[in-house]
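The structure appears below as structure tokens.
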Amino acid sequence: MAETPKSPRRRPRGGYIGEAWLVILLAILYGGALAAVQTSLSGRIEQNKRDQTYDAIPQLVPGADKAKTQQRLVTGEDGKESLVYEAIGADGALKGWVIPASGQGFSDRIDLVIGVNASVSQITGLYVLEQKETPGLGDYIRSESFRDRFRGKPTDRPLVVVKSEPADPHEVRAISGATISSESVAAIVNQAIGNLKGPIGRLAAGGGAAAATR
Amino acid sequence: MERDGPTALERFLNGILPENPTYRQLLGMCPTLAVTGAMQPALTMVGATAFVLIASNVMTSLLRGLLKPHLRILVFTLTIATFVTIADRFLAAYMYSMSKQLGPYVPLIIVNCIIISRAEICASKQGVGVAVADGVGMSLGFGLGLASIATVREILGSGTWFGLRVLPTSWVGWGIMVLPPGAFVTLGMLIGAVEWASRVQPHTGIWRTARSLWSWRRLASSS
Amino acid sequence: METLSQLIIIFIGAALINNYVLHYFVGICPFLGVSRRVETAVGMGFAVTFVITVAALLNWTLTFFILRPSAPLTQWVWRAAGGSPSHSVDLSVLSYIVFIFVIASSVQFVELYVRKFFPPLYRSFGVYLPLITTNCAILFASLEILKHMQDPLKVWGIGEALMLAVGAGLGFTLAIALMAGIREELDLCDVPAPLKGAGVALIVAGIMAMAFMGFAGVDKGVETALASFLR
């Protein structure tokens, strides 16, 4: 049998532990360093993640106070638990709800947050957290003017995307040249509202289910 | 001062042009293509890579006497992965939006061939001073490479540079430049340009200096 | 059935629409280095697919049970050691180190397997087989899976992870095989001297990337088709 080429991973003579003491020592040392980094920075990182959504809340629900907004868990019509935000104003009154939603866009996932009024009957705002649509075309869904097209739309029926001026309150005008991205956003909004409208309504009427602590 | 290899100055100058990681060694292609759509993410990536490269070079150099031949790659990988995690966490804490824009490409620094190859070629064989110089030189070279590509892609693709508008708004941005095809074609053309410049201009000042440094290094080094 | 369409979308997404080489720019080194002949390229593609799948499954298991926030095993150990039950233990800071070790071990394992059962293939790979460890695609696939395990309400199961891994590997194989076929022809062409080698290969890759952009929207089409077909 031909001599197999020397690879750097042949069985060492002193046994594995004897040879590996440096690796084990380094693993402990580095593990400690990482634990230190984690404990000191994780607070900031969590805050950054939360701020992303919370900073958008006053835009989405008029009158909402970031500090008073609470997270809630609701079970949607699809049987799965979802996180929603109960947007409370500075005066303590319920101003509306913020629903995170995501779905497939043209290129990749789109993550949105949808603002609705207290009775979940109207959309009060839309904000795109993450998208990877075509630059210059599809990524126009991030712009204020596109998102504004959803403001004031009713939630009783699914929204339909049209290419001309909307004739009906349930119609939304698409971005020219980016129909699929626009339709994806509408589909995500319809799916989320259809799924959670009933449960949120019941939550508001029933006087609050168990609040989530995350 | 160790003389069993190139000096710190040689290592430093080496990394900038003669052995530029992007154009000469063709290493670290993944971030080179992925984050060069604009200058800001490109330079943030260079900063993160520089931190990991220099830190891991220092650590490897300090440990060079203890490395067993068949476990050295494991030690390099462990060290690099730790520093990358630290860099990634720092970015998430202090530059959150940039961290999200760079996304999974920051942890990919772990498998960036530049860092492992410098640990293998330089840091595991020479002292800390030389290792640092090597790291800094390679980082500057990497930065040069990424900045050149990002400049082309951002100016042609969005009309901006560092987010500041440099072309008039009447310029319709070449969207393709910001997308994957633009990345590949830009890099290919720039590699061709660098090749051409180094062949056709052998007698001009800067190339003569670079080439003499290159042959000087070859004479002086033993590796 | 929503799960089935979800799985198919993940597969098509990873293989075609967000092709790992031509969209995410991972795995470029073997893409440029090994793509001279179609046979070697396809062999390398399958080896990478195998390693990605093994590594992704192992990494999914470790992440699901140990590394993610409030992972079952970690929480159990924490409670058994007397920690407060409401505190959520998060070992995700160790993810990258664990992943790269798993990948290095997977490559070792595949190397042994190939050496024993396919010796000619092993010899033709040469030094490129151990180099699969530094193939960004494998770590990238594991990172994608990690990304989808952060939200406790929407954690990916092993099926999704498997689909992503296999899709990514097969997409890589497709890209590298296409590139090899083109390069075989390119060897006979009159390429300008400065562009020979890496330059022209990257320009060809750019054109391929443009072609693959045409796959955008296929997953939505499949989703709609499946939804109406299964109704």
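Note that the chains take the letters A, B and C in the order they are written out, and that residue 1 is the start of every chain.
By definition in this document, a contact is a pair of C-beta atoms (placed from the backbone, for glycine too) under 8 Å apart; a residue touches a chain by one contact, two chains touch by 3 or more.
Please read all numbers here as calculations on a predicted model, not as lab measurements.
K.L.:
Can you give me the shortest step count from chain B to chain C, moving only between touching chains?
P.N.:
1
K.L.:
Across the interfaces A-C and A-B, which one involves more C-beta pairs in contact?
P.N.:
Contact tally favours A-B.
K.L.:
Report the most central chain, judged by the distance from each chain's C-alpha mean to the global C-alpha mean.
P.N.:
C
K.L.:
How big is the gap, in whole Å, between where the Cα atoms of chain A centre and where those of chain C centre?
P.N.:
Each chain reduced to its C-alpha mean, chain A and chain C end up 25 Å apart.
K.L.:
Could you state the distance in Å from the CA-based centre of chain A to that of chain B?
P.N.:
Chain A and chain B have C-alpha centres separated by 34 Å.
K.L.:
For chain B, jot down the residues that touch at least 2 other chains.
P.N.:
73-74, 78, 82, 85, 89, 179
K.L.:
By the touch rule stated above, which residues of chain C touch at least two different other chains?
P.N.:
As it turns out, chain C has residues touching two or more other chains at 93-94, 97.
K.L.:
Where in chain A do residues touch at least two different other chains?
P.N.:
Within chain A, the residues that touch at least two other chains are 9, 30, 34, 37-38, 134.
K.L.:
Which residues of chain A touch chain B in their complex?
P.N.:
Against chain B, the touching part of chain A is residues 8-10, 12, 19-20, 22-23, 26-27, 30, 33-34, 37-38, 41, 44-45, 48-49, 52, 130, 134-137.
K.L.:
Which of the residues in chain C come into contact with chain A in the complex?
P.N.:
9, 13, 17-18, 90, 93-94, 97, 108, 115, 130, 153, 216-217, 219-220, 223
K.L.:
If you look only at chain B, which of its residues touch chain A in the complex?
P.N.:
Contacts found on chain B: 63, 66-75, 78-79, 82, 85-86, 89-90, 92-94, 96, 100, 157, 173, 175, 178-179.
K.L.:
What residues of chain A sit close enough to touch chain C in their complex?
P.N.:
Chain A residues touching chain C: 4, 7, 9, 30-31, 34-35, 37-38, 42, 80-83, 104, 106-108, 134, 180, 184.
K.L.:
Provide the residue numbers of chain C that touch chain B in the complex, in ascending order.
P.N.:
Contacts found on chain C: 22-26, 28-29, 32, 93-97, 100-101, 104, 133-136, 139-140, 143-144, 147, 192-195, 198-203, 205-207, 209-210, 213.
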